[in-house]
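There are two complexes below, and they share subunit A, which is joined by subunit B in the first and by subunit C in the second.
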Partner chain A sequence: MSPANVKVTHGATRAGRARHLLLALRSVLVSVAGIVAVVLIWSLVGRLLAHPSLLPSPVAVLGALRVLLAGEIGADILASIVHLAAGYSIGVVIGLLLAVLCARFENLDVFIEPVIEVLRPISAIAWIPIALLMFGVSESVPIFLIAYAATFPIFVNTLDGVRRLDRLLLNAARSLGASGNFIVTHVVIPGALPYVLTGARLSLGVAWMAMVAGELVGGDAGLGWRIMWYQEFFAMDKVMAIILVIGVLGFVADAALRGLQRRLLGWNPVES
Partner chain B sequence: MSRRRSKILVVSALAVLLLAWEGAVVLTGAQASWPFPSGIIRSGFAITADGTLLVALAGSLQRVITGFLVGALVGIPTGIAMGLLPWVNLAMRPVTESLRSIAPIAWIPLAILWLGVQGNAALFVVAYAAVFPFILNAAQAARAVDRNHLRAARALGAGPGLILRAVVVPSTLPTIFTAARIALAIAWSSIIAAELALGVKIESGGRSVAGLGQLMVATLYVKRDVNALVFGMLVIGLVSFLIDAVLRRLRDTLLPWARR
Partner chain C sequence: MTDSILKIQAVRKTYVSVRTGDTIEALAGIDLEVPAGEFLAVVGPSGCGKSTLLSLVAGFTQPSAGEVLYRGQRVTGAGPERGVMFQDYALFPWRTVLGNIEFGPLARGVALTQRHARARELIRLVGLDGFENRYPHELSGGMRQRCALARMLANDPEIWLMDEPLAAVDQQTRTILQDELLRLWGDAARRPGAPTVIFVTHAIDEAVLLADRVVVLARRPGRIKAVIDIPLPRPRPAQRGSPQFAALVAQVWDLIRDEAAKAIVEEIDR
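Right, the complex of A and B next:
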């Protein structure tokens, strides 16, 4: 703000507020224009491609979405959420547990970390054939893949968070006579929480991708499976509608965890 | 515990684990349905010796690199424009954020429709997966360019081309390199996913095997060789490990000022 603006009277602040509002309005308009442009290009390309089933128009996809929302998609969303909830909680519990064990017992750490380091580069995707062999085409495939994918980010971040704890704080608590439990609840957990939550968010991201891939290739229910189902019927408008739903749900899930992060960590904003 | 001793301990523990695994499978006579170490090595040797593995690996890697480059070519300029020009950021952010939330693999049916089963559909999925790390990181890096450097360059009469070349590129390069590492890792796991999804389709049509993912599908449904499957998995892991190691080494030699 320029120095001239500092000596403002009451009326001038109102003008300033109006200008602020105008700027905000303009930025909203530009954002909307971006989306409108994409939709326009999308329908133009669809028209040029000659055949509407190659790239269904935005209107067709919205229509398909309405049909889906009115009917069967609820069951698919539910199935996907069940897969995600089951797999994600298994993965997060295993990841947290292993990280806590590694941090607490150095002897175990020597064994756990090499195993994790060997498994980590093998993405969940690479397990799909084995998972198919072990479980057959069933809900176990996506759940297994989600759990596997979710384990690593939270493990790595939690361990990192515990290791980065401020030694000074630990020593201070210890020398002031705090008990082991007290140190855990008042120093270790608050100190590691930002990293744990970052890990939880990263885990959710990879879990989401694993869910779609697992359902698409080896599931018998869920959004990913439904994509393949509609592909068999060559219903591309419905395929795109489901892609849209996957995008929106993925965005909402990430936003929810980001909100949780902000809420729990008002005192310690972590770079996301 | 000393480093050396703990290393010996780990190696021997892993050796014991492998032996126990081998013993358990062989003693229970479950060699047909369970993978075991010596079987994995034998199957691995077989598919390496007859060349199928190398051909598939080459096919996958070629598509990964092409998709990765497409992602970089689209993502880096977009990201830098978003980071430098506020109105581009406003217009593009909602679009990129909403597209980013879509799992790349979900595009497979449409990609097959547009580009065919031959492998270009997989290429599309890879490029789609790789573009977002580039956009996000390039935008963040461009936003972090020191405004005073930009102003100084402008005041000294530098044109937009020179500013890009002499100010923006050197300062964003380290972050873009990080983006490349993330993008390549995601690209590699997407190609496998895409090929697996395609493979299920291709295999039913009796078409030839094209990539590592398709090779694994064929192994699963045609040969039913568990050991080869595990070997393929290990190869996938090894490749992503090598990709990361090579890129990290490359960063340290190319961008010594970015070393951490």
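Right, the complex of A and C next:
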């Protein structure tokens, strides 16, 4: 068996690397093709069906984007990041805290979980009227909506992660002399981390959407607010440019969390 | 037996099935004394409560009736003086080989340099040199089992509780690990204060090869059917294939055969 085996592994190193490169190249090409197709359909539909001032062409949007990037958009991005950082932190901390409490105390779990399960399907947007009355038009509206949206995914995933912990590992830790606190820091937290990080990513996704919605109707700054501002001036090219910026920044934020996930979960063959 | 390290007295264990609500009697009236330094093997067909017995001694579960006494003290929980080696390894997947081995000393507050020195010594002892920084998923079954053994040894436990530790490795690895286990325990030259071992296995030849005594369990409910002394001379690896060895294996097998057959029929019925 061994001579054949040796041959295969030798071949695999060079041919395998070349094939890997080819596959990577192909996936990049397909991704680019997807974007090109969307841009083509966009300009076609814009030309055939809508007035250019309603649906500006890709070229016009790129022009608007250049103007924005040279000017005031920095302040809007900063405002949005501040909203997101505040709301996301609040939501994640609440979600984590509730999940840990639910995992630790069984009675509390029975009390909290139904409340969460009823609130969870309610979109953050549904709370806008109440948030507006409570906070007025201010940064508090997007922050509240972001925190609300971010709480649930991380809560659900963290609780799931803690519950899925292998009982055998807990027994192993106990028989090795670990105390309750040591088990929490050295077994429960690292064991649940893959789920926590998945929850953090899902939370960021919904938080990003809640941010735009909150700023759109209830904020006094930020990218969402700026969309409404330009809509009132009927500057649809600028509106589209900001939507593009929102998409790209959201992608970058998720990529950052994905990187963190890979870094922290090198031990986990499924995640890496 | 005045120096019994472990006394199991009239221990019963019943479970209530979550699905059907039926009461299942895993162990019914177990009495057993284990002298310090003994290598005790426990064999029996599947469903005889071998693992339950080990869990009770480890302190993972409590008996429904009766008592488990360790050094005269009632067992109420797990402790580092009773080391456990699990059938499915139970290594921490987020810790490297080194990180797994030093988990016990770390939990007990042993200083960094000391626990690293001990861990490296054990890594050499179980033959995992060069794999210190690998994660469990990067290891073969035999290597994982060595790592689990070293992790247990790092605490210098007085008693080793081993739940089918070699069930999941191939035959060759198994033979090698049996010899290594005997060597680590002190097969050739017993020193005072040598560890006590309770070794659960379904392999009769393995039980006879390793143990001073073999406990044969019967099933439904789990109870002791026989305790057989193994008077084979040590070191034991040389005894593989001796006529005396074969005779003892046959003797234990005679005790188990009917039970094992019943177990198979029940598996099929279900």
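Here, the second predicted complex is superposed on the first by the 232 of 272 C-alpha atoms of A that agree within 3 Å, B and C clash if a C-alpha of one lies under 4 Å from a C-alpha of the other, contacts with A are read in each partner's own complex, and residues count from 1 in each chain.
Following the convention adopted for this analysis, a residue touches a chain if its C-beta (ideal position, glycine included) is under 8 Å from a C-beta of that chain, and two chains touch if they have at least 3 such contacts.
Note that the structure is predicted; figures quoted are calculated from it, not measured.
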Subunit B and subunit C placed together on subunit A: clash or fit? fit
Answer with first, second, both or neither: which of subunit B and subunit C does A:Asp166 touch in the superposed model? second
Scan A:Leu97 for contacts with subunit B and subunit C and give back first, second, both or neither.
neither
Of subunit B and subunit C, the partner touching more residues of subunit A is B
Touch test for A:Arg174: subunit B only (first), subunit C only (second), both, or neither? second
Rounded to the nearest 10 degrees, the Cα-centre angle subunit B-subunit A-subunit C in the superposed arrangement comes to 100
Query: Just subunit B (first), just subunit C (second), both, or neither: which does A:Glu106 touch?
result: first
Touching A:Phe182, do we find subunit B (first), subunit C (second), both, or neither?
second
For A:Ala18, decide between first (touching subunit B), second (touching subunit C), both and neither.
neither
Tell me which partner A:Leu40 touches in the superposition: subunit B (first), subunit C (second), both or neither. neither
What is the contact status of A:Ala75 with respect to subunit B (first) and subunit C (second): first, second, both, or neither?
neither
Across the superposed arrangement, the tightest C-alpha approach of subunit B to subunit C, in Å, is 13
Note: overlapping subunit A surface for subunit B and subunit C spans none
Subunit A residues touching subunit C in their complex are 166, 168-169, 171-179, 182, 186-187, 190-191, 193, 266-269
Contacts from subunit B onto subunit A in the complex sit at residues 1, 6, 9-10, 13-14, 87, 90-95, 97-99, 101-110, 112-114, 188-190, 192-193, 196-197, 200, 216-217, 219-220, 226, 229-230, 232-234, 236-238, 240-241, 244
Contacts from subunit A onto subunit B in the complex sit at residues 27, 30-31, 33-35, 37-38, 54-55, 106-107, 110-111, 114, 118-119, 121-130, 132-133, 208-209, 211-213, 216-217, 224, 227-228, 230-231, 236, 239-240, 242-243, 246-251, 254
Counting only contacts in the complex, subunit C reaches subunit A at residues 58-60, 77-80, 82-84, 86, 88, 90, 92-96, 103-104, 106-108, 135, 137, 151, 155, 161
